[in-house]
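Quick one: the structure is below, and I'll ask about it shortly.
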Amino acid sequence: MKSVFYLLDTAPYGSEKAFGALNAAAVSLGEMDVTLGLYGDGVYLAVAGQDSRKLGLPNLADILYAYGELKVLVNEPSLIERCLFGETLIETLELADEEEFFEAMESSDCVISF
Amino acid sequence: MKSVFYLLDTAPYGSEKAFGALNAAAVSLGEMDVTLGLYGDGVYLAVAGQDSRKLGLPNLADILYAYGELKVLVNEPSLIERCLFGETLIETLELADEEEFFEAMESSDCVISF
Amino acid sequence: MKTLTIVLTDGPYISEYAEIAYKLAGAALQQYKVNIFLYLDAVHIPKKSQNPSFFTNAGQLFSGLAKKGVVIRACARCAGARGYLPEEEVLQGNNCRDYFPGVRITSLYELSEMLSKSDRVISLSR
Amino acid sequence: MKTLTIVLTDGPYISEYAEIAYKLAGAALQQYKVNIFLYLDAVHIPKKSQNPSFFTNAGQLFSGLAKKGVVIRACARCAGARGYLPEEEVLQGNNCRDYFPGVRITSLYELSEMLSKSDRVISLSR
Amino acid sequence: MKQEKLDVFLLTKPPSSPRSELCLKLAARAGKARIYLAGDGVYHLLARIDEQPEFEIYACKEDLEARAIKAGKRVTVLDNFYSDFIEDIMEHCKHEYTF
Amino acid sequence: MKQEKLDVFLLTKPPSSPRSELCLKLAARAGKARIYLAGDGVYHLLARIDEQPEFEIYACKEDLEARAIKAGKRVTVLDNFYSDFIEDIMEHCKHEYTF
């Protein structure tokens, strides 16, 4: 495998899955062509201004910033369904329409979802 | 609490939840007024003819038969959505329309979902 | 005194319900009797020697609740399936070597007992 | 020889994916190299002394796969969070007292290694 | 100030969850209801749950901050969310549901 | 007999799951596809997944029996489901997805 697509469709903070997907994507950077695709409830991770200090959890937005070279695609239809289209999003992420999102999945050697 | 409503909205066999809900409902029989409500994917438990021997899992339909005194309500709209309305269902279960199903939840002292 | 029972079915970290239950129980124990029943994957919560670098140790949180009087019981079938086996003896309110003190493995009938003696019940599950 | 890697994230019993992974790995190991990476709650699968009265012992299933040559690794962060701590020494292919033989706790980088050397990858999660 | 005996809902799941749909159906049947949003339940504010006049909406401050979700005027953001919720369900509410 | 290089899908989730929807979207984009149903994935037979002419459908026998789900004529019920699936993804398929 030369490329891997991590699919995250779970909301951040409510579960360890978003943290797990970010870590898994990060360790393959450099070695493989890595894309993290935010889909369904996963797109909530794209909202700017997260501050998880009072929850005692790692700030997932900070992790996204820390791995600036990670390609993160945000599925636009999922954003729209969740009324997030007008919200301020983390600027390092890439919006992808349904076609672009699926093409990225299809052109990766494997898809891993958590 | 004198009455408890167990809500099962997960399909049988794919997870331990259906087995867990049946056991939890069974231990309260006699002591409390117990209803098991099958809702959403939980209604798949109502299909007659289950044979789980080759999977090496307990037969959940047999457990339903063994606790014949347990009141089990099957949410009709969930059945219809899952194309189960024409299928043969376990005959000891009670079909409940949306109104009857919600009334049973509302008239119980507590609702527990797994 | 009124009684609150919390029923949990998820393990720690993978879901936030262990933490939410901790906060609910913490808020309630000042005025009410609080029970927690650990069912299905929730029997993992009181495991000893958890070392979560990025999260709060769920076992310690629940051990703290037990010290403050919260009654915490784990389903024997679910615990046994997952490798937590009860001892004959009860030491420090505890009958499982792998568990923090104050958490006891009991029959599922204890859940029914807890419910019938409760004024409110909260169930949290994925 | 081609290589298959299976990535798991769920614990035993609560989901059927441990059993499905066992069947997939069992079918594949006759002709292919098979890796299994245990992530998040899946690090519970190889725990010793599981005694599921109504289900098949997931730990034994995976221990059997390891004996037949399947390479099984557990994420160190996820395992540590859940109380499975690695020893310095590796005995019987194993570096955790709480685990069945043949399962080793390793860094998450091992997942990336496994993926890059694989011809196919299957991920199973709730 | 929560003397009125109402149905009370603790909602910790995002709008896409079938449990959220069930919760909102039961709340709608109740007529007036108090809905407490915690965890991923705070994402219901994006879906404008607070525009339903029959619902009194309470939200957990630290969950809003972690998820960067803003609360509108009709939402009561609670610093002591869990204490307030516990007091409500133990002393003031009619029926309590958790989803 | 599976010489044709097609996209192959292992579907283990019931029709209500958002992952099922995603799986079927990808399969539809692929045009022709082989879909293997195991676990709760066999419930897709109730939703008539086998009526789509572009899909070849395979189902796991023991999962059908446990759930009391019948397979129509266009469904190949496999006794050695996992061996056949593994052979397909290791030797014959173009792209493999698991949902």
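For clarity, chains are labelled A, B, C, D, E and F in written order, and residue numbers in each chain start from 1.
Everything below uses one rule, namely that a contact is a pair of C-beta atoms (placed from the backbone, for glycine too) under 8 Å apart; a residue touches a chain by one contact, two chains touch by 3 or more.
Remember, it's a predicted structure, so these values are computed and weren't measured experimentally.
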{"item": "Mutual neighbours - chains that touch chain B and chain F alike", "value": "D"}
{"item": "Equivalent interface positions on chain C and chain D, same or different at half", "value": "same"}
{"item": "Between chain E and its twin chain F, rotation from the CA superposition, multiple of 5 degrees", "value": "180"}
{"item": "Centre-of-Cα separation between chain F and chain A, whole angstrom", "value": "28"}
{"item": "Distance from chain B to chain A - Cα centre to Cα centre, in angstrom", "value": "37"}
{"item": "Rounded Å distance, chain C centre to chain E centre (Cα mean)", "value": "25"}
{"item": "Residues of chain F touching at least two other chains", "value": "12, 16, 18, 39, 96, 98"}
{"item": "Shared interface positions of chain D, touching two or more other chains", "value": "13-14, 16, 40, 54-55, 77-78, 119-120, 123"}
{"item": "Chain B, residues touching no fewer than two other chains", "value": "13-14, 16-17, 40, 57, 110-111, 113"}
{"item": "Each pair of chains that touches, named by its two labels", "value": "A-C, A-D, A-E, A-F, B-C, B-D, B-E, B-F, C-D, C-E, D-F"}
{"item": "Chain D partner contacts - residues on chain F that touch it in the complex", "value": "10, 12, 38-39, 80, 82-83, 85-86, 89-90, 96, 98"}
{"item": "Residue ranges of chain C in contact with chain D within the complex", "value": "11-14, 40-41, 44, 47-55, 59, 77-78, 80-83, 85, 98"}
{"item": "Footprint of chain A on chain F - complex, ascending", "value": "18-19, 22, 25-26, 29, 95-99"}
{"item": "Parts of chain B lying in touch with chain F, wherever the complex brings them together", "value": "11-14, 40-41, 44, 47-55, 57, 61, 81-84, 87"}
{"item": "List of chain A residues in touch with chain D within their complex", "value": "1-2, 4, 16-17, 20, 23-24, 27-28, 31-32, 109-114"}
